[in-house]
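Presented sequentially are two complexes of subunit A, the first with subunit B as partner and the second with subunit C.
Moving on, here comes the complex of A and B:
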């Protein structure tokens, strides 16, 4: 039997919603042998009940055929996720209004085309440099520059003055051989700054397939950004790409959020027919995990944080996700 | 020079995050999700008329290649299929353009009709060798004429 986390007292148990707190606490006995026996009996009884319920359900399904109630779905982390209060409903007028007024309203209203400046730490390692080159190919309208020891704030100011809309920093951890492990995305001017943990970077050179980078503007797919925070982050990442995709190029960038990890993928797609679509992966792939979101440009001392990942508060439950 | 702040990363947390990321990746089923999203967009019509899949052309394509060889090709000759499909689509595109031209300029009717004819003929000619190209299993005997023969010729 796979181990399932026992429900804490007070938390709703993960079994059917109807049953009250399980009587497991009543079985604790000081004598270990007796305790063992009692637990064993309880387990056998539970299994028996399960089996009988299953037989009943199968019988009902056979009898009713098509009218039978749908098959019960197994529990997954996604189904057991603690529902977030700030989940965005698709037709929410309030969010739509807020979207028009926030920093990305301009982008989504097609006012300005994004121009991205990509830079790294002081002496980026060759792997990081390769990664930056690839990112520059993948995100349209990107330039790679070396950071001449200037601070983040200064770079942001200069970039904003020169007309860039976004600034991306790639942070490296040189003590270990692992390359880039952090990504800071600053939306200019005065836009929010998002600090991500970067991992699992795979360059297109390591992909088995032939590279087919075209210069068509890609499509963007954002998956699973459900909460308010997720929605905001999703829009922020989407604003990196040009708003008018060229469907002829058949390129798609995917930012897929799963359990607070944002997976970035770059594919070429082709519709074989109305029901099937073939994908071929190109380009780099990496994973982002949001660490913090700041209101203005990056400022570690006086900045106003919209959201920080506070491990001890936010990650006490394995069923709770924020994006 | 700006002072760089070193932020420590506890080892346990690192390990936990890596493990969770792997599990999240498995749970995500990214390729399927992307496919689903793209198909939805196709249905909604965000692509407009770029892709037209009238059942007739689809059946024609199937009958030319044969469904089995299509599946075989999926693994190896994806590029070939792509090219072929592209040609197919291009052929439709070209045909559409030609038709619209015909309707628009009545004066140049003679010139346009001849143009469209040559275009469609060229496209058809281009499409015709394509299906024979994919029928790989059949052995083709090619006779090449080499100037100075360097290799032994087996009769």
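Moving on, here comes the complex of A and C:
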């Protein structure tokens, strides 16, 4: 294992007394067998130190009881996430005002009830058709229509004229024999268009238990949409469902964002007592990943994008997330 | 922090004007609006400097209002509701103390006080909507307009019936189809006879208005399907900076006919780009709510500022610099030039500045305007004497004459600070 930076001819090498060496640096040896042995010893020593430290902490916790320092949390990618500048603060006045003047201001101001039109490509496969039927049951006030060879722009224009508030296109790539892999959500009349990659679709028929759908308007739970982009996407997805849920139906849709993947789940809940709640999963489950958010209705050639996923520029760190 | 310390001004979609003070180490932002009283109709659609000293900022709103913000006083001094055509104000300029507005429906108006003196031009004889109106740096009466299916036209306010120059579309493509036109931004190059336009169909076109050729001299395709939304000339005459709706910022060399450099850091569509005319700074503002400051020579991203609202317009001061020595030079030069206008009487001078937009309250004495005209750029003269006497605020004269000491100093300093 070569050292990371080779000392330049004029400069002193790293083994000078100026900077103390990391323990790993002592292990560098050109002979692989010797190197292996040294690493093994180092690892054993480190694990021993860890065990002793843990024993000490446990002792301290037992002794102090309630006054003990809190338990150390393990590092996960979520805890090590690079903090995002655009994280929405709850008391931020400017964001609140921007939300009021947004494309979804009408929905969140309880003026426009959503009316969704759901369609797919020209000849959707049977699985996609089943998925669309299920989505129509899951999202209230949805109509499923065949595309009839019309273009996305034309469909958006006509649907806006007819009073629909949202348009969803399910895209499938038949050459890959996968059921459906894309979802385009266009908010009408001039709202943003979000393009998602759809994956891991599981229909209710494939789930183990027998399901019963009711037609009560569901509640919507949005988890973990922290950044500005996440905030906008969360509002966009929430605007698909009616703003007045019927709590009697005990139906809940969860859109959970984790590491830029949005998981959609549909449950029926029942509170057994104050602390315990039983969940039964109904309906389809699928995963969405945002590919682009475009300002205005779908116009890929001449339109402006609010956010576009540029893999090599944006995803250079495993700890960096955008939603 | 005194208000005139801001060196970059940004207009947002929610109608908020933001002033940003960018220094080498840090960035400070302030909002100039009451955040509880925002309306969608007050979206800032265009911005420009109100005067040569860059003390006033003119804002054009979606509701066809024009507002004036005074940077020294730190307040909005004037607001005027205009009614000409329909649509937001997409272009602003000033000519002899009066404001020129261009609206989306194609009407470009010079708002002089007397209604008989108002000049109105209908730029949208063909096409769907007007997208941009820019003023020539050489002659403030010459305007360039362009829009969706409306190619570049140059208008002279003295002759409003016919455009001075009307561009012709390129020849049909290899399938013999007419090439679509959607001019999204226009810029005059330094000699003011060459005009560059960028199109939403991913081309940048260069026109030579004095040559008699109506077709573009050069047509550069930037990327594939990149809807170019904004354009700015840079400190180098042969290069322009283009921003696209997909978040690409590219430095396009018009001589070579290709892109030279792509700047990184934009995630959303670029709304406006503003390059400093002499130094290598480029400010860009995008829909992902960030203001980006790049250095075109070193290709680095100097600052990335999050500004919470979707941003529409950006302006940079002439004395903008992250190098403190440049700032000192500018101060010295500013101080040297200031005594001239102050000699007419400081109080009167201020009043004139404030109320110049609509000359309802004071008749602008002809002397004042003449003096102001003097300070504007004269026609091109290639002679050493003119350069020596020229104030630093005039744009660069051709390169032959421009190898002045000032530029050499800057290069050395740039090497030291960035080396």
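Odds and ends about this structure:
In the analysis below, the second predicted complex is superposed on the first by the 266 of 323 C-alpha atoms of A that agree within 3 Å, B and C clash if a C-alpha of one lies under 4 Å from a C-alpha of the other, contacts with A are read in each partner's own complex, and residues count from 1 in each chain.
Please note the rule applied: contacts are C-beta pairs under 8 Å (C-beta built on N, C-alpha and C of every residue); 3 or more make two chains touch, one makes a residue touch a chain.
Worth saying up front: this structure is predicted, and the values here are computed from it rather than measured.
Contacts of A:101 after superposition: subunit C is touched, whereas subunit B is not reached.
When the two complexes are superposed, the chain touching more residues of subunit A, out of subunit B and subunit C, is B. In the superposed model, A:295 lies in contact with subunit C only, and not with subunit B. In the superposition on chain A, A:125 contacts neither subunit B nor subunit C.
In the superposition on chain A, A:78 contacts subunit B only, with no contact to subunit C.
In the superposed pair of complexes, A:306 makes contact with subunit C only, with no contact to subunit B.
Touch criterion met: A:254 reaches subunit B, while subunit C stays clear of it.
Shared contact residues on subunit A (touching subunit B in one structure, subunit C in the other): 300. Put simply, subunit C touches subunit A in their complex at residues 14, 16, 31, 35-36, 38-40, 182, 200-201, 225, 227, 229, 245-247, 264-265, 267-269, 271, 287-289, 306, 308-310. The touching residues of subunit A, counted against subunit B in their complex, run 76-78, 149-152, 197, 199-200, 221, 223-224, 247-248, 252, 254, 256, 258-261, 263, 265, 267, 269-280, 287, 289, 300, 311.
Subunit A meets subunit C in the complex at residues 85-86, 92-95, 97-98, 100-101, 228-229, 295, 300-308, 310, 313-314, 322.
Across the interface of their complex, subunit A is touched by residues 1-2, 5, 13, 17-18, 20-21, 23-25, 27-28, 30-31, 33-35, 37-39, 42-43, 47-48, 50-51, 53, 58, 74, 78, 82, 85 of subunit B.
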